[in-house]
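Each of the two complexes below includes subunit A, the first together with subunit B, the second together with subunit C.
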Partner chain A sequence: MNGTVEKLKKKKGNSSFGIGQGKMTPFFFLAPALIVLTLVVAYPLIYEIIISFKNVTLLNLKSQKYPWIGLDNYKNILADSLFYSTLIRTILWTAINVFFHVSVGLFLAIVLNRKLPGKALIRVLLILPWAVPQYIAALTWKGMYNVEYGSVNLILTKLFGSAAAIPWLSIPSWTFVACIITNIWLGIPFMMMISLGGLTSIPDELYEAADLDGATGFQKFKNITLPLLKPILTPAIILGTVWTFNMVNVVYIITSGAASDESQILITMVFKRAFQYFRYGQSAALSVIIFLILLAFSTVFIRAQKSED
Partner chain B sequence: MKKSDRFNRGDSLTKIILIYSFLIVACICSIYPILNILTVSLRPANAIYTKSLSIIPPNATFDNFRQAFIQYDMLGWLYHSLIVSSSACIFSVIVSVTAGYAFSRFEFRGKKMGLSLILVTQMFPLAMTLLPLYLMIINLKLTNSYIALAVIYVSTSIPFNIWMMKGFYDTIPKSLEESAYVDGASVFRSFYQIILPLARPAVALTALFSFMGAWSEYIVASVIINEAGKITLPVGLVSMQGQFSTAWGIYSAGALITAVPVMILFISLSKYLVGGLTVGSVKG
Partner chain C sequence: MRKIKTIIAMAMISTLVVGSMAGCTKKAAVVTPEKTPAVVESTKPVSLALWEQDDPTAQKILDGLITEFQAANKNITVKRTHFETEDLRKNYTTASLGTTGPDIVLGPNDNLGVFVPGSLVQPIDTILGADFMATIDPNALDAAKFSGKQYMLPDRNGNEVLVAYNKKLVPTPPKTFEELEAMGLKLKKEGKVEYGLVFNEVEPFFSVGFLGAFDGKVFDDVNAASPKPTLNTPAVTQWMTFMKKIHTEGLIPKEADGTVADNLFKGGKAAFEINGPWGFADYTKAGIDFGIMPIPTINGKSPAPYSAVKGYTVSEGVKDADKLAAVKAFLIFVNSKDAQLKMVDAHQQTPTNLEAMKDAKITGNVLIAGQKDQLAVATPMPIITQMRAIWDAIKPVQQDVLSGKTKPEAAGAIMQKKAEEGIKALGL
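What follows is the complex of A and B.
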């Protein structure tokens, strides 16, 4: 009896923290994550910002003494016309990709969210691209873009005659299109699954009520489906945008071997500057610029969504 | 079974045919590139470059699969990748399972801030912190170290996993633990013996995501591991793509060996996927 009272007291005493919680408990649970995130995410980021103000190249890499050069790295980047053309290409890349990911993914989810024999099998087939490792997908597509033997051109010539073959990998603008097609293929399953999850949580009664009121399919989509999916789609779109903006694998692998910079996006430029041209300082500055762009985008996007509500 | 039991009410026959033909086209687009890997891997060495579009090539052979192990160190790559991915997976599960629990159940200062900061880390994908990490690793003389690689993979997988775990714990009623406390269980014990077993689907997803992430990552591995005898699968497979010619047949065989296990794993766990993802994203 005495014991129970004590336990109850103990529980009551802790209630200001949450159930059964001592002052240090959350710390114990959080410590592993905190250590990893500080060591591998926070510290490198701060370090990156610092070296973006320094001159770090292959020559002084091992010495660890990097001279401070202020804003020179940033000035060099902003004075380079290649930066602006790549920035525009990156925005185009992101917009096209995210548009197709969301629209096709949502459409597939809506079609799949109904009674349909064989639905489970179809869903499995449609999410397969998500399960393929990205670099394998990129390399495989690269093989399929081969001008003479790649199946993309073989199919195109079968359908539209021999003039339809496209020099995917030798002309930069076609290479860019090739990258976009590959990345759209890769990204649709994620958006489809997110939307499907959201759709199953919308109660059928809403649609039945709309049916009684004589709503058309489009009206139901606009007034029921979209608003109810918004809390799920908004974070997914932000994440999707950031991921696409920084998609190294596809662009880097498909364009590797090409001499031209005209199908690069910003993040592959960072990668190339650092690990092919060994201009570490400049590469760090470019990373910081990318981060600022993405931060601005997500802040504006979230604000806009909130003010709409 | 009546038609009305199998399809949505009010779907006309034309609508059903339209839906199916659209879905079939979508499925073909979705699996054709994967079938293409299979096709190329089955081609005999003298017929890699062919203009045939048949899925199973004439004179199909498994020779490329054999050659992958003979001409390249496929077995070694598989082994290295297995070490890196399983250690990344185990660490990631431990870290996200505990952190997610703290964010779901406890009140502490900076909780909201911490949750959004974790989301913000998703904005710096690895390619961006790769450079400072690379410099750090050089300075710590950790190049070619699997531990360094695994720790980096853990850091990329945990933000998403913590959110997912938190979302899942939120759906488990608190009264379960409350009654355990009344019976005298400690916080750790009730977490370990009551909550964790209930959260099994989410834990499975966490493990899957972190294993697959590590297994399928190329960019970081290519920067950190460069000693020929230590490279992991992704680095090995991409290195097959030569400057002038690529051994497409052997590469495709290797790609299948790499991709098929994760694909099977992914598909078999995908029934949890819809539930886990929604719960994780809705309950912010």
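What follows is the complex of A and C.
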């Protein structure tokens, strides 16, 4: 009997090569993901932090010998008034976009979660903006914003007369509004799908119980839907904020290369400094600042959500 | 079920093993290519990466030339990748830092302002040899030098903007800008066009020629060690006042980028377009009967648009003797008389091969001959690195002047400040 048990144990040990037994087993399973993350996230991030303390220009780019200049890149950025005006614009950009992404996305999800004729078709239509490549969508919207030939102004002038035509692309503040509209259109499907997924997981019994208690529609939304959606919406809002804060495509295309300082956001500033002026050190420093802003936001937001719970 | 799983697992493992070994066995598996009668002596397989920013018609012709070249040089593969002008410049700069950059880049000569100071390209005359260089137009070669060294092999000369006019709407081309203005406004009033004149109002490259008519220029001395921008001048104020005037009176559209301008002209909705020769193929395709002429004089003075050459540069990273030989063979092939003449069909500019320049296809080409008058008064585009700061300074301010946000008289000072900041930002 003893012999059989030992044999079985031996056989078992051989088939798993011992990795299923030790304390290191979880690490073996984590290893592939850890290696990939180290290569694609940790290494670039550390490299970026290092070159943010160096002077990298077009002239020394190829030599890869970049002089150490300490905090100079950071000091220059923080001493530049353009940084602060752009930061305020970026916060405004992110707040408006995320607000509409979440509110409209959630509203559409609630509508789609009910019995509705042609629901499948409506759902496909609403997801379409997500399926269109951002670059193509931004180019199309840019065409639609032309003051005379764009469809947006054609509709506006048909409805409200020729004075209603808005110079979307030639006045920087209007260009900024045009970017916001485009990005709201692009971002709604993501929030809608996430919210829809969350809504389907809320048990109907809760609503039935609320109905028995005589709760109104708004009360049900406030006391059942929202609290139960929170675990799903919190990461989605954080993701949405990070994506919106760092949205290059829409702003860069609609503003014709972020030509005007008055319609750019921080990430297009990084893009311009790195790829138009070849100041990789300065743009790395600016990227680190953006990273810290987003890290601070995510931490505070998650903590606030937890304390509410 | 278990058997199926085992079979699938074995198949996947064999695929993985074979796949991972594919790279190792490549050399052994390659059949020795036939020795070709072309220039390359080595038969070792060589792959060349070519990046360009040409128009679709030119891309097609280039593909045909590449196929022809590969058929004659079976050991050489040329992979062409297309980028837009700015993307090509920044992607090449970034890619060259690693090992993924292309071997050859075909683009305008102002790329040299970034590629040479960045040590990203190598002199090309030493690769191609004096005999071949002697077959190329010396004027074009001059425009493709940086700091006195030949870093680019130009394949076309011109790249200037001029006026294309719709012959149906304009039977007799105007002699002065004032005439063009009157004609354009009249046609608009009669409802025959939506706008008299169109051009890309976003990129200052299309309007900077007007500055020349007011005796202005963007640098004090483009050959100086550190050239200073000269944008805060009466000439710039006059240029911006002129732009605002033609915008306000409705000669040009309220807003137009290249696409809008092209579509209006190709649709017969604009009488004149300021554009480059690269647009001619599209006009013909759209069925527009058009003529070309220099941008006419303003108050008796000729505008001076920028002219440039376009050509091939070789990456600094190309060191291997076989690769250099392949690069040499390819560049000599695509810049032969026949190949350059084929490319002319797409770009409609003067070729640089001396034999090609004498060919009847060029001497008898109305569209190329018609560019001579414009080129005679054009200014060679400054290709120094600082020029990037100039473009970045003019672009938003011109837009602000046209939209009414900035007054023409205030524009020069803003541009100057932006240009100086830009040059400082470049670290120069």
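Note that in this section the second predicted complex is superposed on the first by the 270 of 309 C-alpha atoms of A that agree within 3 Å, B and C clash if a C-alpha of one lies under 4 Å from a C-alpha of the other, contacts with A are read in each partner's own complex, and residues count from 1 in each chain.
Basically, a residue touches a chain if its C-beta (ideal position, glycine included) is under 8 Å from a C-beta of that chain, and two chains touch if they have at least 3 such contacts.
All figures in this text were calculated on a predicted structure; none of them were measured in a lab.
Novice: Touching A:59, do we find subunit B (first), subunit C (second), both, or neither?
Specialist: second
Novice: Quick one: is A:98 in contact with subunit B, with subunit C, with both, or with neither? Answer first, second, both or neither.
Specialist: Neither subunit B nor subunit C is touched by A:98.
Novice: What is the contact status of A:194 with respect to subunit B (first) and subunit C (second): first, second, both, or neither?
Specialist: Only subunit B is touched by A:194; subunit C is not.
Novice: For A:251, select first, second, both or neither according to whether it touches subunit B, subunit C, the two together, or no partner.
Specialist: A:251 sits against neither subunit B nor subunit C.
Novice: Between subunit B and subunit C, which one contacts more residues of subunit A in the superposed model?
Specialist: B
Novice: Counting only touches as set out at the top, which of subunit B and subunit C does A:149 meet: first, second, both, neither?
Specialist: Both partners, subunit B and subunit C.
Novice: Looking at the overlay, does A:298 come into contact with subunit B only (first), subunit C only (second), both, or neither?
Specialist: The first partner, subunit B, only.
Novice: Have a look at where A:106 lands relative to subunit B and subunit C in the superposition and call it first, second, both or neither.
Specialist: So A:106 meets neither subunit B nor subunit C here.
Novice: Name the contact category of A:265: first (subunit B only), second (subunit C only), both, or neither.
Specialist: neither
Novice: Touching A:41, do we find subunit B (first), subunit C (second), both, or neither?
Specialist: First partner only.
Novice: Hey, what residues of subunit A end up touching subunit B and subunit C alike?
Specialist: Residues 61-62, 64, 143, 148-149, 256-257, 275, which sit in both footprints.
Novice: Report the residues of subunit A in contact with subunit B in the complex, numbered from low to high.
Specialist: 3-4, 7-8, 11, 16-22, 25-30, 32-33, 36-37, 39-41, 43-45, 47-48, 51, 56, 61-62, 64, 108, 111-112, 114-117, 122-137, 139-144, 148-149, 151, 154-155, 158, 185, 188-189, 193-194, 196-198, 200-201, 231-232, 235-236, 239, 242-243, 246, 248-249, 252-253, 256-257, 267, 270-271, 274-275, 280, 283-284, 287, 290-291, 294-295, 298
Novice: Given the complex with subunit A, which residues does subunit C contribute to the contact?
Specialist: Going by the criterion above, the answer is residues 86, 90, 93-94, 96-97, 114, 117-120, 202, 253-255, 257, 259-260, 316, 385, 388, 392, 395-396, 399-400, 402-403, 405, 422, 425-428.
Novice: Spell out the residues on subunit B that touch subunit A in their complex, using ranges where they run on.
Specialist: My answer: residues 5-8, 11, 19, 22-23, 26-27, 29-34, 36-37, 40, 49-51, 53, 91, 94-96, 98-99, 101-102, 105-108, 114, 118, 121-125, 127-136, 138-139, 151-152, 154-155, 158-159, 162, 174, 177-178, 181-182, 184, 187-188, 190-191, 212, 215-216, 218-219, 223, 234, 237-238, 241, 243, 246, 248, 251-252, 255, 258-259, 262-263, 266-267, 270, 273-275, 277-278, 281-282, 284.
Novice: For subunit A, which residues are in contact with subunit C within the complex?
Specialist: Within the complex, subunit A touches subunit C at residues 55, 57-59, 61-64, 143, 146-149, 167, 169-172, 256-257, 259-261, 273, 275-279, 282.
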